[in-house]
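Should a chain be cited, it is by its letter among A, B, C and D, assigned in written order, with residues numbered from 1 in that chain.
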Amino acid sequence: MFDVAVHITLLVLMPLPMLGLINRVKSIAAGRKGPPLLQPLYDVVKLLQKGAVYSRTTTWIFVAGPIVTLASAILAALIVPLASTTSPFGFPADVFVFAYLLGVGRFFTMAAALDTGSAFEGMGASREAAFAALAEPALFLALMIVCVPADSACFGDAFSAIPAAGGLLRHPGLLLAALALGVVLLAETSRIPVDDPNTHLELTMIHEVMVLDHSGPDFAFIQIGYALKFFALGAVLVHLVLPIPATGWMAPVLFVAGQAGVAITVGIIESVMARLRLSRVPQFLIGACVVAAVGVLVLFTGGRP
Amino acid sequence: MTLLWALLLVPVACIPIAALLPSAQAVLALCVAGAVAVAGIAAALIPSALESPVFAGGQQLMLDALSAYNLGIVVFVFGFSSVYALRYFGHGARDGTFGRSKARRFGAAWFGFLASMILVLVSNNVGMLWVAMETTTLASALLVCLDFDPPSVRASWTYLMICSVGIALALLGTFLLCGEARTVTNGAESPFLWTDLMRVASRMRPGAVKLAFLFLLVGYGTKAGLAPMHTWLPDAHGQAPTPVSAVLSGVLLNCALYSISRFLPVVEGSTGGDGWAFRLLVPFGLVSIGVAAAFIAHEHDLKRLLAYCSVEHIGIIALGLGLGGTTAALFHTLNHSVSKMVAFFCVGNLAHDHGTRDSRAIGGLLKTSRLAGVGLLVAVLALAGTPPSSTFMSELWIARDGIAGGHLAAVVAFLLGAAVIFVVLLRPILGMAWAPAKEGQPTVRARAVDWPLIVLPLALMVALGLWMPVFLSDALTRAAAVLGGVR
Amino acid sequence: MSLDADLLLLLVIGIDLFIGSTGRLGARIRACALQGLVLAALPLAIQGTGVLTGGERVLHTVLAVLATFLLKAVAIPYFLLRAMRQSGVAREAEPEHSLHLSLLLCAVLVGLSFWIGAVMLPPPEAGSSPLGVPAGLATLLVGLYLTVGGRTELTQVIGYLVLENGVFVIGQRVLGEFPLVVELGVLLDVLVAVMLMAVLVAFGHRPEGGSAGDGAATPAGGAR
Amino acid sequence: MQGSALADPLSRILTVALVLTLLSVALFIIAGTLSALLGRLDRAALAVGTAGSLLACAVGLAGSVMALMDGGAETVASSWRLPIGAISMGIDPLSAFFCLCIFLVCGLGALFGAGYLRRGWLGRRRLAPALAFFNVLAASMVGVALARDGVLFLLAWEAMSLSSFFLVTFEGDRPETRRAGLVYLIASHLGLVPLIVLFVLLGGATGSFDFAAILAAGAPSALVATTCFLLALAGFGLKAGFWPLHAWLPEAHPAAPSHVSAVMSGVMIKLGIYGLLRTLTFLGEPPEWWGFVVIVVGIVSGVGGVLHALAQHDLKRLLAYHSVENIGIIALGVGLGIVGRANGNTTLSFLGFGGALLHVLNHGLFKGLLFQGAGSVAHATGTRDIDSLGGLLRRMPVTGTTFLVGSAAISGLPPFNGFVSELLIYVGAFVGAVELPASSALWTLAVVPALALIGGLASACFVKAFGVVFLGEPRTPAAAAAHEAGPSMRWAMLLGAGLCVLIGVVPLVALRLVEAPAFALSGAAALPEGVVDVLSAVAGIALALGVLVAVLAGLRWALLRGRDIRQAATWGCGYEAPTARMQYTAASFADPILAPSESIFDRHVHAEGLVGYFPVAASHRRHLGDMAADRVLAPGVDALLSVFRRIDFLQQGGVPRYLVWVLLTVVVLLVWQLGAF
């Protein structure tokens, strides 16, 4: 019961501030003070209190989009182990379910975007679809690198099986997996260098442009869902990189530190890099797939642990 | 046995009668009556001949299982074609385009053709076999140029010339074979009688027999339309009046192939049964299928299309014999004859309704001439070997026997060729079915007589594809036993 | 073996060469008739005078000789000559090759036949002419050359006749004699075939008829 | 397969099942014949044909479910005298499973077809042929599944091809339909060649076509077995639509009436999979590399199919390419099953075959549903061009919603059925990667990213299809004037969608259906451990998703209650006069995905750019040629035809030339056989 409580607490408390942390890091890097860490939370609360404006073109799909996206993000985040090697909500083969839950959310976000009939939102959906399709193999390959040695396609078993000693170099394949997963994280959550969440030109946006027409609670749902997705993918990355123990007080501490590290790293990347040209993004993602594939080969040729 | 003589003499007697009858209608009626009479006699003869050979005229005439089986096909196709001739020439006879003299010429040649084909089948004397074979050429050449217009005369000329020269080679082969046999026969045996040849076969020198068989194969093969000696065939079959085309394609080719197959057991007996003669048929079969595919692909004249299709089927039968599927090949003979006959009937009706045989000029096939159109489609499907037609079954059977005999490559080539032919054959037919009807093309109602002519044989084809009657399988087995191969 | 038979067979070969070397259709047809005559005489020569004392076989031989003579030496040439006149084909056959070349080719064919007869076939039995097979083969080959190389239909028909003669000579060599029915049947067939051919040729050479042989390649209905 | 069924009293169930399925065949044939006989009475033919189909499907469905639950095998042979072969039919789990798919999809197809034909064609075209051939198609498909004799199998197989050919050419007066029909006919007949050789080879020396005899003769030698396998892969693969043998599929399926497309894509091509699986049962223990071959075929088909689908503008053509993709997914499962079988790993083998079989059922359901949806759209708007549609969800709510369900299912998203079967294949691949030696494990592991990529692309493609067709504003007046489909069409789609959701939410039921055939194929005796857990978890996730969505929807409702909700125009980023034509099109949507693969595929772009200072008009059209058709088949056909044309010399030159051929033959024979004398 305790682990459920910890899990849910982290799930509720962490995601939105993580986004704030990224913005904070970027501000500092740009020499500004920046908004408070909890600014995303304030935004969401404000949105939840507002009314809404709907396009006359839209149908129920437009309304369903944010709801389904948020629901699937919540489930995905429940499945991933957080401050422990296992998740209280884990089950066999949950790795595949996790990836597909993200897919459900994406599907409905894109559908809702197309529901507006706006060329901009269609453009965003189109790019999202293309990049997600390319990111998918990288995500699965990275997850396989973790799961195959553990003989189980369950996050809990897989993370438990990662040997604690050795830090980042616990296994060379793991490093490559983390690298690939990092790229996937940036792509799936639409961060630089794939997408610039702060851009003001709709023509260059991906995620933001898809949700242009959402307002009020719907938009709040989308923001929460987005944060959860970032949080869940970040959690997987943290587990690959940091030896988080199964139990004990170290686990939440390490986890929170790790997630903060993810946010800070993303913030730094966003500060020092520019967005890639759209036509270069597929190359970036295919690169991630190749990295992960090399990781698999390393895993098999190097003998499985 | 007198019935055997009657079988031969009834059509012979009809020749002068046909030449003397006062009107075209009467000649056409005689054609039907004569064909029916011959069919009746044949029906009486065939069962006993299947049991054991029937002889007449000393040993000169013989009807054994193989010839009885072929005879059955001949009288069936001839009977239907005679009825069709009545329908085909009927309006010509009424409006004068099919005049008395033409009708007489037709009637005489028609019965001469029938008589000579029957003689091919019943003669035990291989010399007479040759004579009869050449007579079929002459009689049918007359039929081909019945209209005596330039194209038909040209076709008839080509036919006559090629087949006469070709078949002269068969005569040479016959002489060589009988000459060899003469050296080993005793006084009681004749080197010309097939039954005696079979008896002395093992004593003949294989080399000489093989040489003779080569000439027989090419000679009769020319008549059978095996590629590359088939060149006369599309012209002749295309230009002949449709009832004649049906008989030419339906049974004349069979008779030529029958002549070749007669010699197979003799050669085998001489060479010790190593299958040399059978194997020789395989390349002819394959080349025929390939050549037919190539020409069908570019052909638009429906009758020539069917003529090339005959080349294909004769090739398949030869291949079946060559690969050891004797029974299957004989079954295929029946299937091809009947379906080809119907196909020609339908094309004849279509050509009449639409005034052309060019597949590109005909449209709305299934609507404007429903019976002939559907009939042609079904007949061509059967010819192309589509299940559940009996053609499919016999082709499958040949494939099975071929592979069981270890001829995988030949069978694959055969099946691929057949598949290509399926496509190229069906393409123009479907084109006619789909194309919109030409302007001013009226919808033609089929005549009452067309229904049995077209529907009955097609129903038979489907029925035989799904059900093998005992008597037919017996007949096939016995006929195949004559050739020395039973599977 | 009688000298007569050898002489007759040499005559056959000589006629082959003549047919190959002449350019005139009429001469060719008449040479054909002469060859028919020789062929009719051949059984008599081979079997010698014994033929006339053999009882039942006499009738057979006489009938065969008569039939051959009547058909091959009289009837068929007559029909061909008539067809030639009717079709109005130029008397000069055709400049297919130069006639020297044609003669040379025929000579080569004759040589080839002798070679085949000597090398490839078993030696003849005692009592039959050694010239039988070469002569027959030579006739056959010359006949084939005429059918294949001939540019007018009548030349082809003549070629067919010569070819048939060659087959007959070979038949006689390997068989001695044929059953009467067969022989008559073959002769009748040849007759009717030639008559038909003659009729067709005559028709084909009516003003609009055009060349029969070439026309066969172009299908009806404007198919190609 | 489980011993003598006769001794077992329970086998009566099996007998009843067999009788019921045979009865359904008879019912199909009777209904088909009756509707054909009714000829010009279109309404009567429609009623009789549809009622007969539905009755037959109901009867057969009962029979096949009974047989599946029983799990045994029973055969009945008749003394009917075919020229060769025999009429011998039987049922076992594999047959029963495919029968189940056939009955389900055909039943829904017939239901849909009743409305579709009545609304679309009544009075404009004779309906009797469509109904007669539909019933014949269904009967022959069941015949294929039940045949226990090679000849009967081929008969039913060809009847299936032909009846579907006549259905494809239902609109034979349209040139593209004719072309499609011809291509289809060519393909299916060429596919028959390897099958004939296959069955003859299987019969071996005995020359028997009887399946029992083939089985009794034992596994053939390795060479024969490999030949048979490759023949089956070619012959059945052509029907199934394996890349690059699929070229006929995107031509034929769109040309058929939609309820027929549904049946063809939904089950007919699956009988190719059935044939492949059935052949495998004759060949003994397969070598491992067969599985690798099938996996590679699956990957190529899956990725190739979905990429081509993305490029399509024609809704039904798009769906047809997705059939290629899904056949690829099924092949992945089959390949895994073979690898498992070769390695004696029953878990892998069960998951592979089970996943493949379940995907057969699932694809039948959602592809049937999608084709029906496409049919409704085409019927309502008169066009299948995706870029001419839009905004249909408002006008056709049932069609749109069910199409959405189908789209999500085919994209493999939870909680729909496509996810369940793909998950089984994922887990199978994972088991293979874990339990097999490294050299084999890499092959099975390759399935995981491939399936992920296929899934991602499929989801992109269906967002595009659903989004552009049903969402946004109508792009043409025809789309704006669209109306909802008729009641029987709606019911068929609703039922199909319901089944998609049912299997997704209660996957254990589906597992129960594939259990028996998967046991038979994999050699497993019991469910591998964990499978039930995984599928229960899937059910749990589906439930959780449902609950969460409901809760969130309630929350949103509560939040918005009484607040200011306004309607406005779509935000145009400041542009105030957006028109429907400005919406993103399907072609633009697919462009970012297709652009990277441009070097692989032949993409033809016809563009007239903007020229000058005051450009008047510009156009941009794109067309993705089918690689297999453009680069392999078309040149092949051209080459063959040109060879054929060159043979013409045989028939030129008249008598002298003809005689040369005769003589040449003699000479060649003499020279060839010189040694024989």
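As a convention for this text, a residue touches a chain if its C-beta (ideal position, glycine included) is under 8 Å from a C-beta of that chain, and two chains touch if they have at least 3 such contacts.
Keep in mind it's a predicted model, so treat the numbers as computed, not measured.
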Check every other chain and keep only those touching both chain A and chain B; list them. D
Centroid-based (C-alpha) most distant chain relative to chain A: C
In angstrom, rounded to a whole number, how far apart do the mean CA points of chain A and chain C lie? 99
Could you work out how far the Cα centre of chain A sits from that of chain D, in whole Å? 35
Mind checking the centre-to-centre distance between chain C and chain D? Centres are C-alpha means, answer in whole Å. 69
Averaged-CA centre spacing for the pair chain D and chain B, given as whole angstrom: 44
Please list all residues of chain D that touch 2 or more other chains. 651, 654-655, 659
Residues of chain A that touch two or more other chains: which are they? none
The positions of chain B in contact with two or more other chains are 157-158, 161, 165, 232, 234, 298
Which pairs of chains touch, using the document's own definition: A-D, B-C, B-D, C-D
So in the complex, the part of chain D that touches chain C is made up of which residues? 651-656, 659-660, 663
Please output the residues of chain D touching chain A within their complex, sorted ascending. 390-391, 393-394, 404, 408, 411-414, 419, 423, 426-427, 430, 433-434, 438, 441-442, 445, 448-453, 455-457, 459-460, 462-464, 466-468, 471-473, 530, 533-534, 537-538, 540-541, 544-545, 548-549, 552-553, 555-556, 559-560, 563-573, 578, 580, 582-584, 588-593, 595-596
Residue ranges of chain C touching chain B (in the complex, touch as defined): 140, 144, 147, 153, 156-157, 160, 163-164, 167, 170-171, 173-176, 178-179, 181-182, 185-186, 188-189, 192-193, 196-197, 200-201, 203-204, 208-210, 212-213, 215-216, 219-224
As the complex stands, chain D meets chain B at residues 80-84, 151, 154-155, 158-159, 162, 169, 172-173, 178, 181-182, 185-186, 189-190, 192-193, 196-197, 200-201, 203, 205, 207, 209, 640-641, 643-645, 647-648, 650-651, 654-655, 657-659, 661-662, 664-666, 669-670, 673, 676-677
In their complex, what parts of chain B are in touch with chain C? 60, 125, 127-128, 130-131, 134-135, 137-138, 141-142, 145, 148, 150-151, 153-158, 160-161, 164-165, 168, 171-172, 175-176, 178-180, 182, 190-192, 232, 234-235, 238-239, 298-301, 304, 356-358
